[in-house]
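First chain A sits with chain B, and in the next complex the same chain sits with chain C.
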Partner chain A sequence: MIPGGYGLPPSSKILKKDRLPSFLERLLEERIVFAPVRRGEVILIREIHAPSEVVLEYENAKESPKSIFFPEREPLFRYRTEKGKVEVDIPPGRERSRVVFGIRPCDARGLLLLDKVLGGEYRDPYYFDKRAETLVVSLACDHPNPSCFCLSMGGGPCSPEGSDLLLLDLSDGYLAEAVSERGAALLEDPAFEKSDEESLAVAKKIKRESEVSMKPVAMKENLEEHLERVFDDPVWKDLTETCLGCGICTYLCPTCYCFDLCDEAAGSSGERIRVWDSCQFPLFTQQASGLNPRPTAKERFRQRIMHKFSYLPKSQAMLGCVGCGRCVTECPVNLDIREVVKSLSGGNGG
Partner chain B sequence: MMENPYVPFPMRIEEIITETEDDIIKTFELSFVRKEEEEQFVYTPGQFAEISVFGQGEAPFGMASTPTQPGRLAFSVSKIGVVTGALHRMEKGDVVGVRGPLGNGYPLEAFKGRNLVLVGGGFGFSTLRCLTNFILHDSNRKDYGALTVVYGARAPGLLLYKKDLEDWRKRGDLQVHLTVDKDEKGWQGHVGLVPDVTRSVAPDPRNAYAVVCGPPAMIRFTLPVLKELGFGDEKIFLSLEMRMKCGIGKCGRCNVGSKYVCTDGPVFSRAELAGLTAEEHV
Partner chain C sequence: MQQLTNEIRAIARKLLREKKVEVVIGFERGSMPLRSRPCFIRKEEEVNRLFWDGFCENALAVYLPKRKERAAIVAKGCDSRAVVELIKEKQVQRDRVILIGVPCRGMVDRSRIESSAAPRRILEMREIEDTLILRGTDFEETLKRSEFLHESCKTCTHPNPVLHDVLVSEWLEEKNEDPFADIQTFDALTAEERWDYLNKEVDKCIRCYACRNACPLCYCPECFVDASLPQWIGKSIDSSDTMIFHLMRAYHLAGRCVSCGACERACPVGVDIRKLNRKLVKDVKDLFGYEAGLNLEQTSPLATFRPDDTESFIVNP
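Let's turn to the complex of A and B:
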């Protein structure tokens, strides 16, 4: 980040902790602000109305922030029918811009995968509408959890990917690095002050220590090809024996995006709704002919792994896992995706 | 394609034809309500569309009409669940929503100058009807070689498109082989299974392509026969049916290995499918 090893990157500044509230105040004047808040025992990313609600001393939010861009339930259009007629109304885009403040780098990076799958030939207007008017300010991890493995997935605890602005806790303040032009514009706020050599050196050290503290996941090179070779390996059966098919892993995952479309009708009018769905559910692929290509938990779990570690790398050149560790900590039967990948990496088949 | 790929446009039901004696399959002929969509809806045989019955939801159906007859779309719908059931209850003049055309369609360029055998059954025959009528059109017939159609149903009363079958029978430029499981009085076609009829009537595999579309069991038993006849994997095309929702490669539902049936398919060569690591899909 420091060109030629000297001088200051023009795009980094310091935000002293005592000035954070005033910065958030100003953000709140202009934007809808989402940030980590405490709800009972857990941290969630929610809309805030006052800076005092924000909790930045946290590991990671229970849920991923994907719902801010890709809600769990989202009306796509409203319709009204009459005999021989139908009218369709698309909900208007947002009027106020938004900012997601203080999410973790893995979750910010997860948005890049959603950008890929929801973009392309049939660009998803609902997602990109929210994405376009929402800034992402993330907070680097100086002490990653034991369940985190972002580094092995191509990201890192201080990775700027997917963020507009990246904050790093230097104890009395944050080093704020602009990653995009929109992020650089935020640094114009009077709460920020110039950064100095010393803070940059401290930041570098924190980053390095944070990365070093992470345990790498033993993963075979060319995993996407290797997984195809072990597709029929009996190891899948052992690996997935305990899976309950509850789908928690997919709901909490920042990169899972499978959905269902359904109509909610009230008389002659109603809405078409998009709702999250999960490849872990048996009906997901049940066909009219009675055939179901994924009849048991084994095939469904395998689909999840294949999708994330083979199909997406092939089709989108990106892994479908950012290593946030949620599925590791929240699975009711402690199925650890790192262990799964490790076992499969050791499997035979080439 | 429309700017918002989730929003259907309206089409009016002009005609409803009950195709089968058990009333399970009806063909819906639809007309465009708006000129703009009529102009934008340019399709190839083998493509499909998502049809909305507002309040009930959406389901994918292959186009049974032919692009050579503009202004109308036809879909043959087998009554099986919520959306298909609701469609069956609709009447002439009612309006449905349509999104499409979706998917890739049959590889017409590759088929040009070649002999073709089309093997179908069930509602899967809808897109083969589309392909047949497309090829038979005056402006296209000369581009293709000999055409053989093998079409089977359990009983004569379950065959679709009786008028087309009659018209085709009268023509000299294609061979139609109809087959049923059990003989019935007055039946003049074959009796027996589609794969067996295919074995006896398929053209020489050199310079020929085979297209298979129908229920999974029919596909499963027809493929080895085609192989036996000498059709290489790259000369066999099949149209796959997978559970679908979005039809645009987003909802994550319809993949066969790393391919999505809705956007990469529904038509694949057997060679393409053999190259995929996936669950059994037919």
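Let's turn to the complex of A and C:
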């Protein structure tokens, strides 16, 4: 079963904040633990070795946690050729199971899209080797950022989708809600106490207020069809004119998964690696003949939008955006995907 | 700020009406507080989108090379220097660009403002002279603008446009402080310490190339990192490859970098790209007496051949 598939009715417990360190200690004994940590000015999701490293008072991590499952550089195999024979070494799978602790619900939900795309008929063993053995404990957002729009993308600031366990900050403790069987097993830890009616009521109120505080993104119904119709509309040029064609929006995105395969070789041996790639780069579609079917930023940016809002909804029944807002805050020219979607929904052209 | 905005709009309107240019490249209000962003104005009725405040941080000259239209560009000191350099390098034709010069008081670093307000969230910002008034759901706070400038703006010695066709507002007094104090501190470290520092910075890099793409002087049709025949460097974030990317880029910009800071501002993960570029800016100034983009006359060091060059780095004397 893919983690985060909801096998169980929600059961919940309370984790008092002063007991969190002991819970993390026990997790660390059994698993490799990834959690939000401070690195200079930014928060990143990194492996931790002590509970004190964890920062839970944060907006969202600068980079999405996808690299834990789909690293920027992934060795696929090593090879050696000798006297016409080729030897291939595939790296061993993961030995220790892992847990990703304290990520945001949008990012947890993003994993569900990666599961769909990298799963299915041609299952990606490298991804699922990490994914299957990794528990996801996420932290609900009680104060979403102005750049967040998960609710409009089908998720929500307290959405359990993609998590095994969902924590919600009640100020002196967290309400922990089991989403999967594996999440429920975590609740057996002695750090958790029984929850009560009052905590559940407070949690409900926080959830409601959090959702109400989010500005909805105006999105046309059947946008996926509409986009096909406006594919050749001149509006794309106006929308994308300021784009610099960098990799920020795709590399930071929790759901972008495009990659390149290359060999790093010296003499007769080498390594085949998978590295991230981006549809925003000209090289992504550059053909050996010299032709580039997506010659300018316009075609490349359009691809990004079409993929997220038309192709993926059609092929995977899920939007390719979970509304984390990273591309909104980090784009150097503030090319805001919410405005793009709104403008394309507005019926100009088509 | 409103006055500058009005002046820019009036100039743009006139240029478009008189068909002096086909497009005005300037700034408009962004989609969030503390953000302004580039915009392209082609119609007179759209000039009111143009806007000016302390967050107009992008280096607009990046949009000039290969542009077929006759363009006007809103230019701070650094932008004008980038245009000068681009004209010298034959990427922009002087008679096809109009510079709307704006003397610049320095651009504000939004991440510093955000961290000073954290964990409170800023929902609205107003800029009046040297103050920034921030407002959130349950707070209002006034900050001194000049205390939150970008690094590149703090050490900027040319806030006034070095080249302009129209000027907005008044000339500012130019500072005379040593702009290279940070580089002297860096120079004073041992080679090993410098190497460690650079490695630590480069390790953050995700190779999104935003630094390169935001740079007005990085306009090569094919960047060396993208070449595949031959492939000069590996594609991954292995630190040796990332380091090569940064070192080579810095060298390719030696004597050309105008210290606009666009690269480090674009970087999403805060790599200190500035150290390398500024170090080379300083070296080029010390060794060849050249500062990029100050005028159209002086020959660039890379384009200079002098038989009497001392070559003191090879032989003595």
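Quick note on the criterion: the second predicted complex is superposed on the first by the 337 of 350 C-alpha atoms of A that agree within 3 Å, B and C clash if a C-alpha of one lies under 4 Å from a C-alpha of the other, contacts with A are read in each partner's own complex, and residues count from 1 in each chain.
Rule of thumb we're sticking to: a residue touches a chain if its C-beta (ideal position, glycine included) is under 8 Å from a C-beta of that chain, and two chains touch if they have at least 3 such contacts.
All figures in this text were calculated on a predicted structure; none of them were measured in a lab.
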Joint occupancy of chain A by chain B and chain C, clash or fit: fit
Contacts of A:Val275 with chain B and chain C, given as first, second, both or neither: second
A:Cys262 touches, of chain B and chain C: first, second, both or neither? both
Which of chain B and chain C A:Val86 touches, first, second, both or neither: first
Chain B or chain C, by number of chain A residues touched: B
Chain B versus chain C as contact partner of A:Ser22, first or second or both or neither: neither
Touching partner for A:Asn145 - first (chain B), second (chain C), both, neither: second
Superposition-derived angle with apex at the Cα centre of chain A and sides reaching chain B and chain C, degrees in steps of 10: 90
Which superposed partner A:His307 touches (first chain B, second chain C, both, neither): first
Which superposed partner A:Glu241 touches (first chain B, second chain C, both, neither): second
Minimum C-alpha separation between chain B and chain C after superposing on chain A, in Å: 7
Doubly contacted residues of chain A, that is, touched by chain B and again by chain C: 260, 262
Residues of chain B that touch chain A when the two form their complex: 1, 3-8, 10, 12, 52, 54-58, 78, 80-81, 93-95, 97, 215-216, 241-243, 245-246, 248-253, 255-258, 263, 277-281
Touching residues on chain C, where the partner in the complex is chain A: 30-33, 35-40, 58, 62-63, 111, 115, 119, 121, 123, 204, 206-210, 212-214, 226, 228, 234-238, 265-266, 268-270
Residue ranges of chain A touching chain B (in the complex, touch as defined): 76-77, 79, 81, 83-86, 88, 90, 117-118, 120-126, 228, 231, 257-263, 265, 268, 270, 272, 274, 277, 279, 284-289, 291, 293-294, 299, 303, 306-307, 310-311, 314-315
Partner chain C, residues of chain A touching it in the complex: 39-42, 57, 62-63, 72-73, 143, 145-147, 241-242, 244-248, 251-252, 260, 262, 264, 273, 275, 278, 281-283, 328-330, 332-336, 338-339
